[in-house]
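What follows is a set of structures to go through.
One chain, subunit A, links the two complexes that follow: it is found with subunit B in the first and with subunit C in the second.
Right after this comes the complex of A and B.
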């Protein structure tokens, strides 16, 4: 049952990512990225990370992708055209990515004996566990990220503003 | 029951697709989206390792990656809007000069 769930949502992830790669219109790529992120949220839930699953749906599939689709519609982005530079990228890009995947898969399969098994409900991190670590041991990094977010908002407003 | 290595291989697949899309795509918004895909792939491996070692720190790391990715998306899309306003194109091959 667990294996079936993993393969359904893992397959959805890979299909969405391939669709992102193959589609030529940015809006189709953005919608397939939403599929990838939503199915990743289910995989997080299967791994016992319930807070991260919720945050994945709200922050990634919600906020960030809405921002992306908003910008695509704002700039009226059309189909991408093939140019001279993209031929070299085809020649170098796909074998390079395939080589990286082959290397990583080889390492993971070779060491799969040392890695354990995932059982459903064996290890569950609740929001309480996560927040205890976050607000006790890592309070300073947490506060620093809030400053980072503030600077990012100011930077976004300053960059996107119309110059007179 | 699923081996942890399956999750890591899925993460490697997503990362490689993101890397390929990053190199092949010519639209600046799609390139930015493939960066997000690579970040998500790494997040998946973080959560898988957090489950493997029964440590919360892996999930904390994913939380910080999400925060930084949100900030990055806001600033990056603002830069894309600024580029489109000055050059009227989203093709990265035509954005090869620092100054107009």
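Right after this comes the complex of A and C.
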């Protein structure tokens, strides 16, 4: 049951990601990104992270991607032209991506013994558990991160403000 | 497989079917109620010819919308034009799945008055409504029409802005209940009847008014109906839609209203709990005791639907800059202040 769901949504996630790259219209790409994020939320849910799944849908799929589509609609961006790409992309890009993939795979496989495993649908991290960790054990990093975000907001406001 | 799993599946499917049919009927009759009540507010009768008191009017309207020609304008972007009413309606209908209609009554291990009892029920409702924005946003863009685009741009901006105030206004309630599960939130309010409802005893009346105003904006209802302001934008985001596609937007709007009514009832007015608490002795058999909470729930939701219509018939529409200023500069600070005061109050009372 869990495995079937995992394959459905994992497949949907990969298909959405490929569609995101292959589509020529920005709005279709943005919509594929929403599909990717929503299926990621289901994968989180399968791993028992219910709050994270809900936050993923509300924040990423619901708020940030609305802003993306909003900007695309506002700019009325048309279809992208297909170009042959620069030479640098062919020479450095593809080997670089392949090397990065190989490196990550190597590290994961080497350390798979230390990482431990979890079966799908085995654990359920409730919101209470999560908040206890966030607000007790990790209080300082959490607060520092929120201050960082506040600074970023203030910076954005300062940059966007017009001089009179 | 086990027999009990089949019973569970059968009962669940049955539950979903029944709730969907009731919800769609409720949507149809909310439209009639709106036309009737707004008619009385404007000193006219409203629909009165089809059936007794015009009670069959929704049936006639539905038939008419089915039989109308489904126009497909030539320059629309077809995939999105077709899918956006579906997104809007399916999101509007989905969120009812986590709403509990009555006290927990189990039959063969299946909860009869709720489709899905989730730990994060409240967040699920917020998530589904936030996805529903795409229905409106994409319909306006794919219509390839200035009025539609303006309508959907307004809608997206308005929904993003008011979602913050909406989410923050619910935090006080969640703090008091200590849970995101809707049944837990109602259980906290059901001890002393009216006095322990979040609106009265929970001191969440500020949060309630913030929630109500933000929710009116979220559902694009008057006085926040700028995305479909007739006098400025013809019909806003659904200008190019006809027949059933238009009907889907229409149904989505009313289904969202019902969801907002349900959430307001659950979070602030004690859900299915009686306003008298345990003042009166329990009368009747098991069936009466099971159905009485459902009656209270429906009555409260009906009150909220009536309030929606009442507000629509009374208040004029906001100007766009007023709308944004109201959302960001008034509702959000008030919601944050409410969170601070609620947590201080709960912290002081905590042992």
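Simple rule for what comes next: the second predicted complex is superposed on the first by the 118 of 164 C-alpha atoms of A that agree within 3 Å, B and C clash if a C-alpha of one lies under 4 Å from a C-alpha of the other, contacts with A are read in each partner's own complex, and residues count from 1 in each chain.
As a convention for this text, contacts are C-beta pairs under 8 Å (C-beta built on N, C-alpha and C of every residue); 3 or more make two chains touch, one makes a residue touch a chain.
Just so we're clear, the structure is a prediction, and the values are computed from it rather than from any experiment.
Participant: Which partner does A:74 reach: the first (subunit B), the second (subunit C), both, or neither?
Facilitator: After superposing on A, A:74 lies in contact with both subunit B and subunit C.
Participant: Which partner, once the models are overlaid, touches more of subunit A's residues, subunit C or subunit B?
Facilitator: The partner making contact with more of subunit A's residues is B.
Participant: Check the residue A:57 against both partner chains and state whether it touches subunit B (first), subunit C (second), both, or neither.
Facilitator: It touches subunit C, and subunit B stays clear.
Participant: Name the contact category of A:127: first (subunit B only), second (subunit C only), both, or neither.
Facilitator: In the superposition, A:127 touches subunit C alone.
Participant: In the overlay, answer first, second, both or neither for which of subunit B and subunit C A:66 touches.
Facilitator: In the superposition, A:66 touches subunit C alone.
Participant: So which bits of subunit A does subunit B touch that subunit C touches too?
Facilitator: On subunit A, the residues that contact subunit B in one structure and subunit C in the other are 51, 55, 63, 67, 74.
Participant: Which residues, counting only subunit A, touch subunit B once they are in their complex?
Facilitator: Residues in contact with subunit B: 2-3, 6, 10, 13-14, 17-18, 20-21, 26, 29-30, 33, 36-37, 40, 43-44, 46-49, 51-52, 55-56, 59-60, 63-64, 67-68, 71-72, 74-75, 77, 80-86, 89-90, 92-94, 96-98, 100-101, 104-105, 108-109, 111-112, 115-119, 123, 125, 129-130, 133-134, 138, 141, 145, 148-149, 151-153, 155-160, 162.
Participant: Please give the residue numbers of subunit A that touch subunit C in the complex, ascending.
Facilitator: So the residues of subunit A in touch with subunit C come to 27, 31, 34, 38, 50-51, 54-55, 57-58, 61-63, 66-67, 69-70, 73-74, 124, 126-128.
Participant: Across the complex, what residues on subunit B touch subunit A?
Facilitator: The touching residues are 1-10, 12-27, 29-30, 32-34, 36-37, 40, 43-44, 47-48, 50-52, 54, 56-57, 59-60, 62-64, 66-75, 77-82, 84-85, 90-93.
Participant: Where on subunit C is subunit A touching in the complex?
Facilitator: 80, 118-120, 123-124, 126-127, 130-131, 133-134, 137-138, 140-141, 149, 152-153, 156-157, 159-160, 163, 167, 178-180
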